[in-house]
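In this document, chain identifiers A, B and C correspond to the written order of the chains, with residue numbering beginning at 1 in each.
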C-alpha cells in the first residue's frame, strides 16, 4: 500500500554484526523454523509458477484472455453471463466476463503475470537506485553526502500514488504500460531504501574490521565490495521483501483508477474496477480478482515478515519475548562488559 | 529552549527549500517532456487552432527556466491571462488555468480541498485511535490467544488493498444490508450531521488499512521498549505491569508513531484518491484522476504541488513533534 | 533470622544450566560479594533473588527466602511488595536502567508511591530527599532533569537513590561500577559503604572485579559455571585462597603496585607524534578530542597510554596508525612525516566481535595484509598464515574457521596474527583486553609481551585500566581531556606521581587487600572533607 509505511516498520532493522559463516545457510535454517512463512513461500511459489505458465494453462483450458464471446452473455439483460455461477463450464473454468464474455480464468492467470512482473521489476529498480545512491552518499565526501541526502529527502516526500498518477498522464500511450508502471514506481519510491542503505553503510564503515582492512593496505573500492556490500544484504533484502507486496497494491490501485495497465492487457485492479457494478449479477467477477490480490499480498507480507525474522534475529527474539516458546537466553548476556 | 526554536526554524526553512525543489522537478518533468507540449497540454481533442493558442499562452518559445520563473511568479504575486477576448487576473497564489474549463487551477483546488481534508483528517483520528489501541492491547496480551487473533486481523488488514476494502464494505453495508446510505459529501457548514454520516464509510475504509499498519508498528515498538533495560528496573521495583505498559512502554513507542504518521500522510493521500473515486466524493483525488484522464496538465501540476505542500508540511510538523516527543534526538 | 537464605538454587535457560545447586545465607546488615567471570551465573542469582526470572521461561529450582518472603512460592502481588520495598536492586548501566523520557525525581517518586500510597507531592519530596542523600548537588532542581542530562556517576547515584527511597533491608548491586571510570567508581563504592553504615541495610554485590569486592564487603563467594568455588571472609579468601581456581583468578588480576621487568628498548625512535591536535564537529560545536600531544615510541619498548573515558586516548591511537588525520601536527615514522595508513604500523582493536569480518574465514582475514602487499602464491600465503596462527597460540587448522566459532580471547589472538602478517614495527593496541575476562586478559597480555621480545616490536598500549597498563608498559603517558598531563618511566609515574590528576587516579584504584582498602577509603574521605 505504501512504501513509507513499510520503511518505517523496517527501519528497526539494523546491521547485524555477527551473522555467522555463510549468511545464506543460516538464513534458510532460520526461515525453515517458521511455519507461516513456509506456507506463504509455497503460496508465492505457486503464484509465480501460475504466472510463468499462464500461456500453458490457458492452452490447456483452450481459451485466451482477449477473445470476446458475445454468445455467452445475455445482451437482453445488459450482458450478464448466461448459465449458473457466471457461466462456469468445462470450457470456461471460472466463468466469463459480463458484457464481453472473455474467459475469466485466462484473464486471472494473465493478470498474475502483470501483478507479479510489475511488482518485481519495480522493486528491482528501487533496490538498485536506492543502494547506489545510499552507498555513494555514505562513502562520498561531505558535499556528495549532503547533495544525495537532500535528493533522497525530496524523493521520500513525494507521494507515490499522486506522482504515479500524474506521470502516467504525460507519457505517450504507445509506451508499454506494464514497463512504464514499473519504472514509475521504481523511480518515485526508491528514497526509503536509499536512506536504509546509507544508514547501514555508515554503520558498517565504522566497524573495526573495515579499519583493519584499511590498515592492511586495501583501497576503498575493494573494501566497499568485500566488506561493505555483503553487510548491506540483510537490511536491503529485509526491506525489499516488504516492498514487493506494497508494489503489488500500488499497481492494482493504478489499474483500478484506469491509468495503470490498460486494456486489453488483463490486470486484477482493472478487473475490480469493471466488476464494481456487476457484484449482484456476477459476484465471482468481483470476488476472483479481489481474492487473488488478497492472497498474493498476504502471502508476500507473511513471507516478508519471515525473511525479516530470519535476517534479524535480534528483532525476532524481541518479538518472541514472553511468548513462552523460547525464553531469551539471559545467561548469554550476563557478566562483565 | 532557544536550541529548540532554532531547530524548528531550520526545519521550516528546509521545508520551503524542499517545496521549491519539488516545484522545479515537477515543472521540468511535466513541461520539458519530449513531444508537442502544447498538444499534450491542450489534450488530444484540441483543434490545431487551440493548440496554437495554447503554445502562445504557454510562451513555449521562451526557454524553460524563464517559463518556470513565470510560473513561480504566478504563485507569489499572481498573473494576468488573456483568454482570447478578455484578460483575466489570477491572483496569488496562481497555479495557472485549466485548459478544459478555463477555470483557475487554484479555484478548482479550493473548492475540492474541504472534501479531501475532511476525509483524510477524519480518517486519521480513527486510524490513530484504532491502530494505537490495537497495538497497545496486543503488546499487553502478548503470548496469549487474543494477541494471536489481533495479529491475524491486522495482517489481513494490511494485506487488503484499500479499494478492495471499500468495495466490499460498500457492497455489503450499503448494498446488501442497507445499514448506511451510499456515501455522499455534504459540506460541514451545511449540515454537520449529514457530513459525518456521509463520510462514515469512507473514513472507516481509509482508516482500516492504516490502522493495521499502526497496530503492527505500535506493537513492535512497544515490545522493543519492553525489552529495554529500564523496563527491567521498574519490574525490579515492583511497578505493576499495567503501569509499565501504559506509562513506560507506550511513552517509548510514541516517537516512532509520530514519525510514522507523517510518513504515512503521503500514502493516506494516495488512499484518499482511490476512495474518492470509488465513492464518488468530489475531492482533489477525483479531480486529479479526471485531469489525468483528459491530460489537463496545469491542473495535474497544480494538484501535485498542493498535495506535495501538505505532505512536506506534515513531515516538517512531525519532525518538530518528534523532537519534542523524543528529547534524546540531537537537534541538527 | 537471616536476611537472605538461598538453598540449592538452580536456574536453567533451555538446555543451559546457568546456576547449579547454589546455597548461601546473608545476615541482617551484612555484605556479601558474588565474584566470577562472565558466564559464572552471578547476575542470574541476583535476578533470582527478586523473582525476576518469573515469566521469562527460565526454570528456577531450590528455595529462595528474602526478607521473610518465600520468593519461589510468593504470589505476584507479594513479589511486587518485596521488590523495591524490602529488597532493591541497582544495575550495571545507569543510563539504560532509567526511563529516558521521565525526570529522575518522577521516576523515584513513582517507585515510592507504588509501595507507600503517599501523595504525589509527598513522593516528590521523598525523591528530592534521597537524591540529596546520595550526594546530588542542588537536588530539588536536578530532580527535574532527565537521565541523559546527568553524568554517568550522577546517574548511578540517582539509581541508588531510587533503591533507598523505600528504605529496603537489602540492596542488590549488579556490577554497579563496571560502566564507570575508576575515579567515579571509587566515589560510588564509598557512597555504598557510607549508606550501609548509616542505614544498616544488607548488601549483595555482584562483580567480576575482585578489587571492587575487596573494597566493599565482609564475605566473598567465588562462582564458576554456576557453582560455588569458595566462600568465606573476604580477607581469608583473597589473602589465602584454598581453591586452585581462586588462586588462578587472583594471580591473573593485574596489580597496580607491582613493577615490571623492563624490555630491551633501544634508543631508535620508530614512531613519533608532534603537536597532534584533532577536532571534531564544526562551528560552535567543535571541540578538540586531542590537543597538543607529542610523544615518541622507541624500538622494542611499550608505551602505555592511560586515561578515563573522553580523555582522547582512542582518537590519539587512531591518529598514530593513520586511520584519522590530525587537524594540526604530524605523525612521523622513522623520522619521516607520513599521511594515511602504513603497513608498518598496525592496530589491535578493542572489540573482538566487530574487529573481524563475520563473513570471512579467519585465515582470509589474516591473509589480507599479505595479499594487499601483492603476494599471489596461494601456497606461500597459506603457509605464512598457518605459521602466524600457531605463533599466537591457535591451530594451523583454524584457517578455514569463521570468527563466531571462536571465544573473545581467541578472536583477539586472530587480530594480533593479522597485525603481525604485515610485518609491522609498531602495533597500537586500543584497549585490547578490556572486553576479556581477567584470566584471558592475562594470557593475551603475556602473548603480546612474548611477541615484543621475539620480534623487537614497539607497542603502544592504550587502556583505561591503570593496573593493566603498569603490567605491560616501560613508559606511561597519562591523558586527561585530550592532553597528556604526565609522561615518564612507568615506575616513576606510578610510584611517585607528580600531577594531581595522576594522584587522584591512582588513589581510586581498588586495592585487593581489604585492610588497605579501608585505609584508602579513610584517606579519600579526609581528602574530600578537607
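Descriptive notes on the structure:
The rule is short, and it goes like this: a contact is a pair of C-beta atoms (placed from the backbone, for glycine too) under 8 Å apart; a residue touches a chain by one contact, two chains touch by 3 or more.
In this text, all values refer to a predicted model and were calculated from it rather than measured experimentally.
The most central chain, judged by the distance from its Cα centroid to the centroid of all protein Cα atoms shown, is A.
Taking A-C and B-C together, the chain pair joined by more C-beta contacts is A-C.
A separation of 22 Å divides the Cα centre of chain A from that of chain B. Between the Cα centres of chain A and chain C there is a gap of 46 Å.
Chain B and chain C have centres, each the mean of its CA atoms, that are 51 Å apart.
Shown for chain A are the residues that touch two or more other chains, namely 322, 324, 328.
Residue positions of chain B with contacts to 2 or more other chains are absent. Put simply, chain A touches chain C in their complex at residues 17-23, 207-209, 211-218, 226-227, 230-231, 322, 324, 326-331, 334-337. Interface residues of chain B, counted against chain A in their complex, comprise 18, 21-22, 25-26, 29-30, 33, 35, 40, 142-143, 155-156, 158-164, 167-168, 171, 175, 209, 213, 216-217, 220-221, 223-224, 226-227, 256, 259-260, 263-264, 266-271, 273-274, 277-278, 288-289, 291-293, 295, 297, 300-301, 303-304, 307-308, 311-312, 315. Contact residues on chain A toward chain B in their complex (touch as defined above): 1-5, 7-9, 12, 150, 153-154, 156-163, 165-172, 245, 249, 252-253, 256-259, 269, 272, 276, 279-280, 286, 290, 293-294, 297-298, 301-302, 315, 318-319, 321-324, 328. The part of chain C that touches chain B in the complex is made up of residues 50, 52, 79-85, 88-89, 91, 93, 96-102, 110-111, 114-115, 146, 148, 159, 162.
Those residues of chain B whose C-beta lies close enough to touch chain C in the complex are 228-230, 232-240, 243, 247-248, 251-252, 326-328.
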